[in-house]
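Both of the next two complexes hold chain A, though its partner changes from chain B to chain C.
Take a look at the complex of A and B:
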């Protein structure tokens, strides 16, 4: 039997990816350029017994998301920059209370209302540091419609596995462009569900580290009663200021991600074997970069691309290794140099770094990248 | 076939994004080629310069936007002025000759006819001007077959409007052929 194909937008693929992953709960507030996710899920979720809630604003939506997730559902919200800013307090709550959920944020021009219909990649730091305090972040960067579907599934898997909010950050181009998609069959992609308690309700503690760095999570309404708070907490979930608990808990919540960085970080290497110049790109910009690398190769230039698929945790190890090998990095991005900062940190002065930065609502075109490749000394 | 780049431009609300989607579906789903459709528009729901771009290739499309335009549709003077800069010398400009009166300089082929008026007065509804334009674009570029173009149009349209859209597509196809031959 031939597989089902469609011609979809990135946003539509995201909604279908969420359904594939088992998402049963969406809470959001519509915002350009992410609205199509809500449109699709408002139609599809009720058909499968799921719930779709449009809240009064993005803050309320994020709060509802955490509630839905604690009630045992796989939960998704979609938004864009101004909405991501509003959600930050509750994203932090999701980090400290360890609540699995997926935040799909389509990057448009900013700050503030910025350019609602223009593409951007300027929320990568906001995803990492937008909420205050120490916390680990996972953020995935799709570059095609097919990949948006697959990355939403993966985002749910990571959220459920590590019990935390996970970001998916398409830029407006990926979110709005349409491409052919082949829908994976059920069972074709891995789908992970959160670990639930093996102990009876009376013995259950929501942050019991004897089960490892990611303690099992019971669903509200399943007979397990527990306390949830944004304060630093004890294994039973009640607040504490005891130094030894606070330090250990903060460290564990970062460690649960960073100790698994090799499993979490995904990337693509394109024509890097003999490359003297490496273009580091992500999202739609990586498509310009691929075009540019092919064109520059035809001119005899030894250039390749490192495509970031997982932006957070950042692929430190891979960039460090490349810095020993190449003369220079070209970093095209639709912001004023956010990824460049990370490359500088990893390269530690071992290679030249040239940014290409656009924030005018226009994509970085292949020609710009080809010109910059030629500047590497 | 090599990478082929098309742009549909005009004002917001003229259905240009839909025309782009249908062409890309015709290429990708009905013709088995690779295609990507993207768009750019202002915050207004109606009005403002709007464009929809379609890249068609035999191999997967990387950069999803136009680099050098092979074929441009312009339904307003503003869009024609704004989006014709990167049209190739051997490219095609299709325009509404009631609305676009100042043509850009260039060696590309210029084909104009009364696209919107055809939809309004000959087909019967102005709303299908985008389908008239799509038929015309397919006639001029041959980027997909006439049949596959029509299939893609009809698979997007509610049943009550099948005949209207069929008529619009055929009118655009025939008129463009006649205008190009003239």
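Take a look at the complex of A and C:
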């Protein structure tokens, strides 16, 4: 039997990907250019007995999301730049209280209201550092409609597996362009559900590390009663200021991600085998980069592309290895050099780094990238 | 026989953080008596709070308890209730948490008429941070940030809740301890968003700055200003000057949010 095919926008694919992953709960607030996600889910969720709620503001949406997730649901919110800024307080809550959920943020121009209908890639640092305090971050960067579907599923899997909020960061071009999509059959993509406790309720502790760095999470209303707080806490969930506990908990919450970097970090290597120049790109910009690499190869230039699929944790190991190999990195991005900073950190001066940076609401075109490739000495 | 509060208290979590003379403990005991009178199942009851002294209450009660971020209790609780409408969801917090930073979530929970009960302990001050003025600090009174007297007019929480659409609104005081459990129990039994404001005292950060010589004097003030709604009906406007009505102030029927959403599911064809 042939698979179901569609012609969808990235935002619509995100909504359908969430349903595939088992999402039963959406809380959001209208914001351009992400609103189609909520519109689709307002139609689809009640059809399967799921819940859709439009909250009074972005913060309330993040709060309701965490409440729904704590009550056992796979939960999604969608937003864009200004909304991501507002949600940061409670993204931090999700990190410290270790509540799985997915934050789909369509990147538009900023700061502040910026350019609501223009594309950008300037929220990558906001996703990582926007909420205060130390914490691990996972952020995925789709480059096509098909990949948006698949990455939402993966984002839910990572959220459930590591018990934390996970970001999906399409730029506005990916979110709004229409492409052919082949819907995966049920069972074709892996779907992970959070680990729930195996101990009787009287013995349950929500942060009991004897079960590893990601302790099982019970749902409210499932027979387990426990305490959840945004304060630094003991294994039983109650607040503490005891230095040894706080230090160990903070370190564990970062370690649970960083010890699994090889599993979490996904990337694509394109024509890199003999490359002397490496274009590092992500999102819609990687589509221009792919075109540019093909065109430059036709001109005899040894160039390839490293496409970032997981932005956080950053692919340190891969960029460090490439820095030993290539003469230079070209980093096209719709911001003033956020990914470039990370490349600089990893390359440690071993390769030239040339950024191509646009924040004018226009995509980076292949010609700009080809010209820059030729500048590498 | 004395009432056994311990069956609802989490073992090992007392003593509480509240100062001597604070009324929050009186409210907690009232809540426990109300829960007991309704035979609420602990595993099926979520108690949700924000940040502040009053918001520490859930930690002491042996239920599913969620101590959220400042002002966000109503929004977190809305998520819990939507996901699990069969749970009893009770919110607790203070006046600053609920009506300033959490004001938007508060009025929209009232508007939705989602079946939860919100107990607001109004002690007219931000206690935990050392006594800054709240939206409920009376005009002219002193707080650590109104050294020359508060220029702001205060909120009437009950009127705010009624105006925003809450379908059950009651008010009690920490002095009238025996009424608290009855008001809370009636609020929990009411289908829709119910608000119970308890006028409370903060001797440490409010009383000492506003010439209250003792906790007894603060409690006596609560006793003196409170007028039951029934008694108020027979009083003149002059007699009611400076008084605060107590008891059930507002009770109406209106469609409840989770039930309305269940109808949405039915219309979409998603009902089991």
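Structural remarks
One rule holds for everything that comes next: the second predicted complex is superposed on the first by the 377 of 377 C-alpha atoms of A that agree within 3 Å, B and C clash if a C-alpha of one lies under 4 Å from a C-alpha of the other, contacts with A are read in each partner's own complex, and residues count from 1 in each chain.
Methods note: contacts are C-beta pairs under 8 Å (C-beta built on N, C-alpha and C of every residue); 3 or more make two chains touch, one makes a residue touch a chain.
This is a predicted model, so every value here is computed, not measured.
When both complexes are superposed on chain A, chain B and chain C fit side by side without a clash. Seen from the Cα centre of chain A, chain B and chain C lie 110° apart once the structures are superposed, a value rounded to the nearest 10. Chain A has more of its residues touched by C than by the other of chain B and chain C.
Contacts of A:291 after superposition on the shared chain: chain B is touched, whereas chain C is not. Touch criterion not met for A:108: it reaches neither chain B nor chain C.
Using the contact criterion defined above for the overlaid structures, shared-chain residue A:221 touches chain C, although it does not reach chain B. By the touch criterion defined above, A:372 lies against neither chain B nor chain C after alignment on the C-alpha atoms of chain A. Using the contact criterion defined above for the overlaid structures, shared-chain residue A:167 touches neither chain B nor chain C, since it reaches no partner.
Of the two partner chains placed by superposition, A:128 touches none, neither chain B nor chain C.
Contact with neither chain B nor chain C is seen for A:194 once the two complexes are overlaid on the shared chain.
Of the two partner chains, neither chain B nor chain C is touched by A:205.
After superposing the two complexes on chain A, the closest approach between C-alpha atoms of chain B and chain C comes to 20 Å.
In the superposition on the C-alpha atoms of chain A, no part of chain A is touched by chain B in one complex and by chain C in the other.
Interface residues of chain A facing chain C in the complex, by the touch rule stated above, are 25, 27, 43, 45-51, 53, 55-57, 59-61, 63-73, 75, 89-90, 93, 201, 219-221, 223-231, 238-239.
Chain C contributes residues 10, 13, 42-44, 46, 48, 58-59, 62-69, 72, 75-84, 86-87, 104-105, 107-108, 261, 264-265, 267-272 to its touches with chain A in the complex. Those residues of chain A lying in contact with chain B across their complex are 5, 7, 32, 116-117, 173, 176-180, 284, 287-288, 290-291, 294, 363, 365-367. Chain B makes touch with chain A in their complex at residues 21, 24-25, 28-29, 34-43, 61-65, 67.
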